[in-house]
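Presented below are the structures under discussion, each in the form of C-alpha cells.
Common to both upcoming complexes is subunit A, partnered first by subunit B, then by subunit C.
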Partner chain A sequence: MTEASGFVEVASAETFRRDMSIRLRRSAEYICIPLLALTMSALLFSVFLLAIGKSPVEFFQLVARGGFGTAFSIQNTLQRAAPLILTGLAVAIPARIGLIMIGGEGALVLGGFASAAIAIPMIDHVPPIPTLLVMAIAGAATGALWVGLAGALRHYRGVNETISTLLLTYIGIAIMNFFVEGSLRDLTNPNKPSTKPIGDAYMIGKIPGTDVHWGLAIGIVLAIALQILMTRTTFGFAARVTGGNARAALAQGLPVGRLIVICTSIAGVCAGLAGFFEVAAIQGRANASLAAGYGFTGILVSFLARHNPIAIIFVAILFGGIVASGGLIQRRMDLPDATVLLLQGLTFVVLLVSETLYGRFEIFKVKTNGERT
Partner chain B sequence: MSGGTPFIVLVAILGGALRVSTPFMFVALGECLTEKSGRVNLGLEGTLVLGAMSAYAVSYHTGSPWLGVLAAGCAGSALGAMHGFICKLPRVNDVAIGIAMMLFGTGIAFFFGKAYIQPTAPRLGSIMLGDWTGNPQLATALQINPLMIVGILVAIAMWWAFANTRWGLIVRMSGDSAPSAMAMGVSVDLVRFLATTAGGFLAGVGGAFLSLYYPGSWNQGLSSGQGLMAVALVIFARWNPLRCVAAAFLFGATGAIGPALQSVGITQGYYFFNAAPYILTLFIMIASAGSSKAGRDVPGELSIIK
Partner chain C sequence: MSIHMLSRRKFIRNTGALAASAGLMASTSEVAMAAGVTLGIVYVGPRDDFGWNQAHAVAAKALQSSGVKIIEEENVPETDACAKSMESMVNLDGAQIVLGTSFGYFSPFMVDLAKKYPKVEFRHAAPLWDASKHPMNLGSYFGYLNQAHYVDGVAAGLSTKSNKLGFVAAKPISSVLSNINSFLLGARKTNPNAIVQVIFTGDWSLPVREAEAVNALVDAGCDVITCHVDGPKVVIETAEKRGVKTCGHNASQAPLAPKGFITGAEYKWITIYKGYADKLAKGEKLPNMVAGGYDTDMVQNTPYGAGASDAARKAADAAIADLKAKKPIYVGPLKDNKGKIVIDKAYDNYDPYLDQMDYLLEGVVGSIT
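Let's turn to the complex of A and B:
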C-alpha cells in the first residue's frame, strides 16, 4: 500500500518534470527561431545597405536612438505600438482558427471613420466621456462587421479569406473617401479632405505621467484577455481545435461557423478600436492619414509573434520603434521613406523561410523513448 | 457626334476597358500558369509594382521602352523564382509567402523608385485601330497598345499548349495530382518553380504597361490591388487562359465606368465607381466560390479553394 502510493508520487513528479522540459524546449524553439530570423534579416539588410553605399552601423544606431534612445522617443514608439498591438491581434485571432486574414487596414480605416462620423452630431451636445464611449463602440462594431463579414463569407460561401479581406480593405478606404470628400467633408478645412474635427475637449487623454494615449493600455489589456480566452477557456480550445483541423472539429460537433464568425469579429473589434484611437487620440478627425499602413505592419507583427497575443505586445513595441525612427533615418541618411517598408518585407520573407527550421535542431527535440507525450 | 451623352460614355468605357484591361490580363495569365501547376502566388501585386518601376527606370536610362518591358519581365521572374524557391521548402505556407512577397516587392519598388517619380521616361507607342471610322472619339477609344495584342497571343498560345503539348500536360498534372506526376518521373517542385517564375515574368510585363502606357507614369499609387484582383479573376475564369482575357476586359470596363462618367461631368459617386472593380471582384468570388463548375475545373492541388 505505502509502496504503491510512493511509486505514484515518484511517477507524477517524473511526469511533471518531463512535461516542464517539453514545454521549455518547445517555447525555446518558438523564441529562438524567430530571433534567428530577425538577426538574419538584420544581417541581410546590412549587406543591402553596404551594397548601396550606406552604413549599416549608422542605420541601426539611428533605429536604437530614434526608437528607444530617449524618454521622448520611447513614448513616440509606444504611441505607434498601440495600433500595432491591436492590428497584430486582428491577424492573430483568426490565425488561431486557421484563417489568414489581412484586412486589418480596412477595418482600422472604417472603424476610425465610423467613430469620427458618429461624433459629429454629438459634439457640444453630449459630454466627452459618453461621446468617446459611443465612438469606441461604433468603431469596434464597424470593424467587427467588416472582418466578421469576411469570416462568414469564408465559412458559408467558401470565399478565400485572404483575398476577400484585402478587397474589403480597398472598399473600406473607398467608402471613407466617398464620405470624407462628399457629404461629411469639413468645408472650413481646404487643405485635406477630412471630417469635422472632434475638438480638443473631446480627445481621449494621455495615460497620466506619460505622453502615450490610452490605446496602449487598452491594447495590452485586450492582448492579455485574448491570450486567456484562447488558452484557458472552452471557447479558445474549440477555436484552436478548429484551427488545427476544421473537418475534425466539425466531426466533433463543434459549431465551426459560429466560432469562425466570433473569432473574425473579435479581430475586427481590435482593428476598429485601433482606428478609434487613431481618431480620438492622434488625428482628431477622419481622413486619408488613417490608412498609414498599421494594418499591414500588424500582419508582420502577428507572424513574428507566432500569433501569440502576449508576444504581440513586445513585437509591436519593437516595430513601433522601427516605424518611429523612420523619419530620423530618412533625414540623417538620406534614404527614401520606403526603407522601413523594405526592411519589413525582407523580415517577413526571412521569417517565413525560417518556418522550415522547426523540428530540425537536435537541441529542441523532445526525447520520447517511444512513450506517449 | 451621333448619339449624345450615352454614346460618349459607352465609347469612353470601351476605350477605358481596352486600356485598363491589359495589366489585368498579364497578371491573370501569369497567375493562371502558376495555379495550373498547383501553387498560388498572392505576391503578384508586389510583382506588378516592381515591374512598373523597373520598366520605367530602364526606359528612362536606355531610352527604349521595350527594353523596359524586358526588364520588368526579368524583375518579375526574379520575384517569381524567389517565391517558387521558398515554397519548395518544407512547412512553408504559400499564401503567407505571397503576402510577404507583396510587401517585399512593393518595398523594393518604392525604395528604388523614389528617384523616378519626377523624370519622364519614353513611353510605349500605340496602334490606331479606329482611324477608318472618321469619328475622333471612337478613334481615341480604339487606340490600343501592342502589349495588348501580345497578351492575347500569349493567352491563345497557353490555351493551346495546355491542351496539346507535353509541357502543358506536365504542368496540368503537377497541378491536379502531384503523386501521379511524380510517378511519371516529373519533378513537381521544378515544374512549379518554373511555372511561378514564368508567371512572375508575365505579371512584371503587366506592370510595365502601367508605367509605360496607361496611366503612363511611375508613382507609388500606380497599382492599387490590380495584382490581387487578377488572382480572383483567375478563379472566375476557371483556369482557362481565354476566359482570363474575357474576364480582364470585364474588369477593365468596370474600372472605366468612373472616369468615363467623370468625362461627361458626372462626378457624383466617383469614389463609389472607383471601388466598383473591388466590389465586382468580391461578388464574383462569392458567386464562383460556391459554383460546381469552379469545383470541377480547379487544379486538385490548389490550396486557395477549399
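Let's turn to the complex of A and C:
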C-alpha cells in the first residue's frame, strides 16, 4: 500500500479534502473487493451444495450459528482464531519485505517446545509469573532464531526462503520429536511421548470472563503494533521499499540484509509466541499435538488479508468461525469434514482471482486534475 | 495418533472394572430403550479409515438405528479443537454423553470438560481414568482385542502352507505385543509348526513403511499377513495384491481383500455404547470403567472371507466358544524368544500380569529392541 498523502505539501483545506477522498476511495476498494470475492465464493459453494442435494441456506445458517450465533460460539471462534493471528503475522511481515516464508509451523513447534523445555527445571522452584515470562521469551527467541536463520540464508547465501522455511519446518518438528521421545520424555506418559507437564498452577489461564486464552489479546496487540511499525516508522518504510525493489533499496543505501533478518525474526517471534501459548494455555506440555497445522493455515490467513496486520485479525476470526462451525455442519448436515476445507480452498482461489480486479472499477478511481493516480 | 492402549494395569486396579462391565452388559440385552438420548462422539481421523475410527463410527451408526441421536465429528486434532468440538456438542446439540476416541483427547481436555460440565458424562477409549485423580462423570472403556487376534491366529494356522505368518506392528508396547503373542498362540493351537515373523514400523500410521513391511514379509515366505497399525488398509491391500491371505485389525477390512481375507480382530464398541445409552435413558449411573473381551461381547471377529477354509472356520468358531467360556489363552510354561520362561502357569485372560507384557514369545521372529 502506498501512502497517497506522501506528496501533500500544503495543508490547505482543498488538498486535505482531496487527500481524504483518495484515502476513502482506496480503503473502499480494499474492503469492497474482498467482500465481493467472499460473496462470490459463497455463491459458488452454494452451487456445489445444491449439486449434492444439500441446502445452502441451512449451511450458511449453521456457519452463522456455529461460528458467531451464541456466546459460546463466539468464544469458540475467538479461541480458534488466536493462534491464526500470530501465525498469520508470521507470514505477513516477511511478505511486506518481499519474502514468501511458509515456515510458521516449524517456528511454532520449536517455540512451544523451547518454552516447555525451559519450564521443566523452573517448576516448583520459581513462581508462575516469572516462569511464564521466561517461557514466553524462550519461545519467542527460538522462533526468531529459526525464521531469522532462513532470512539470513536468503540474504547472505541466496537460499530460496520459501523452500528453506518449508524444509526447516520438518527439521523443527523432527528436533522436537527427538527430545520429546528421548531425553525430555515424561516416562509417566508411556503412550504419547510428551515433555513433563508444567502443571495447572503454571498455566497462563483465560482472559477473565471468557473462555479464550491470552494468546488472542497478545495477537491483537502485536498486530496493531506491527501495523504501526510497518506503516508509521522509518523502519517500516525502509522495509516496504526493500519489498518493492530490493535492488533499488540497496542502491539507496538501505541496510537490506539487516532489514531482512529483523523482519524475519519478527515473524519468528510471532510464530514462537503462538507455540508458547499452545503450551502455556492449552496443552501444558510439548508433544506432537503442537504441529496441528496452525502455521500452515496462517499462510492462508495472511494472503487473504493481503499481508495487512489489522486485516489479519479479522480474517483469522472469519477462519476461526468457519472452522468452529465445521463441527456443527458435520453433525447437522451429515457432510464430511472436508466440506469446510473445500469452502476454505474455494475462498482462497476466488480471493486470489479477485486480486486482478484492483484498479479496474471506475468508482474507486481518483481523479486529480484530470489525471488518474 | 489415535491410539490408545498402553498398560492396562491402572485399568484393572480400579475396583470392579469387569464387574461394572458385566452390569453394563446385563442392561444391553434388554429391549432398545435408549430413544431420546443424545450421544456425541469425536474421532481423530476419517470415519471411513478401515481402522480405529471406523470401528467406532460403525458402532455409532448402529446405535442410531435404536433411536439414539448420534452427533459425530471426524478429523478433530488432539488440541483444544477437540475440547471445543465436545463443548459445542454439549452446548449446541444438548449431548448428554460425549465419547472421545483418541488417546490425546483425555488430558487435559476431557478432564477439564468433565469438571466444567458436571451433569454431562464423558467417556474415553483408553484405560486412563483414575478414581483418585479424575471427576466421577468421566471414565474409560476398552476392549481386549488380543482375544480376537487369538482367533485370527487359530484360523491363520490352518491357512498357511509355508507355516510362516507375517505381522506388521506399529510400536513394541504391551498392547501390541499382546496381540502378536496371542496371534502366535492361536496359530500354534492348530499348527504347532507355525511361526510369526514381525516387523515394527515405529509409528501408528506409516503407510509406505507398512507396504514395504508386507512386501518384505511375503518375500520372506509368509503367506498369511496381519497387522496392528491404525489403518490396516494398506497392509491388507498390499498383501492381497501379492496373492497372500490376510487377517484384519480394528474394523472390517473384508471388502479390501475379496480373495484372501480370512477373518479379522474387531472391537465391538456397540456393546459398550448401547450400554451407556440404555443406562442414560433409564437415568442410571454409568460405570466409570468398562473393559472386556469375548465373554462380555466387547470384541468380535469379522465374518469369514473367501480365504477361510472350512477347517479354519470350524477351528475359529471353536476358539470363540472357548473364549466365551473364559478359557485362558496364556497357559504356561511358555518361553520368550530369548529362551526365558515368562509364562509359568495358566493366566486368566484379564490377569494384570499379562498387561505388562514386554516380550515376544518363542515362535515369534523379531525383536522389540
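We take it that the second predicted complex is superposed on the first by the 354 of 373 C-alpha atoms of A that agree within 3 Å, B and C clash if a C-alpha of one lies under 4 Å from a C-alpha of the other, contacts with A are read in each partner's own complex, and residues count from 1 in each chain.
One rule holds in what follows: a residue touches a chain if its C-beta (ideal position, glycine included) is under 8 Å from a C-beta of that chain, and two chains touch if they have at least 3 such contacts.
Just so it is clear, the structure is predicted and the values come from calculations on it, not from any experiment.
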Practice task
State whether A:292 touches subunit B only (first), subunit C only (second), both chains, or neither.
Solution key: second
Problem - Which of subunit B and subunit C A:70 touches, first, second, both or neither - result: second
Fill in the blank from the handout: Comparing subunit B and subunit C in the superposed model, the one touching more of subunit A is B
Practice task
Report for A:80: first if it touches subunit B alone, second if subunit C alone, otherwise both or neither.
Solution key: second
Exercise for the section: Please work out whether A:220 is in contact with subunit B alone, subunit C alone, both, or neither, and reply first, second, both or neither. Expected result: neither
Exercise for the section: Considering only the touch criterion stated at the top, classify A:312 as touching first (subunit B), second (subunit C), both, or neither. Expected result: neither
Exercise for the section: Return first, second, both or neither, reflecting whether A:171 touches subunit B, subunit C, both chains, or no partner chain. Expected result: first
Practice task
Determine, under the contact definition given at the top, whether A:331 touches first (subunit B), second (subunit C), both, or neither.
Solution key: second
Problem - Touching partner for A:283 - first (subunit B), second (subunit C), both, neither - result: second
Completion exercise
Interface residues of subunit A shared by subunit B and subunit C, listed 336-337
Fill in the blank from the handout: Per the touch rule above, subunit A residues touching subunit B in the complex are 100, 102, 153, 157-160, 162-164, 166-168, 170-171, 174-175, 177-178, 181-182, 296, 299-300, 303, 336-339, 341-346, 348-349, 351-353, 355-356, 358-359
Completion exercise
Within the complex, subunit C is touched by subunit A residues 65-66, 70, 72-73, 76, 79-80, 190-192, 278, 282-284, 287-289, 292-293, 323-324, 327-328, 330-331, 336-337
Completion exercise
Residue positions on subunit C within touch of subunit A in the complex are 1, 3-7, 46, 71-81, 84-85, 87-89, 91-93, 103-104, 108, 126, 173
Completion exercise
Within their complex, subunit B touches subunit A through residues 42, 46, 82, 86, 89-93, 95-101, 103-108, 110-111, 113-114, 220, 224-225, 228-229, 231-232, 235, 269, 271-272, 274-275, 278-279, 281-282, 285-286, 289-290, 304-306
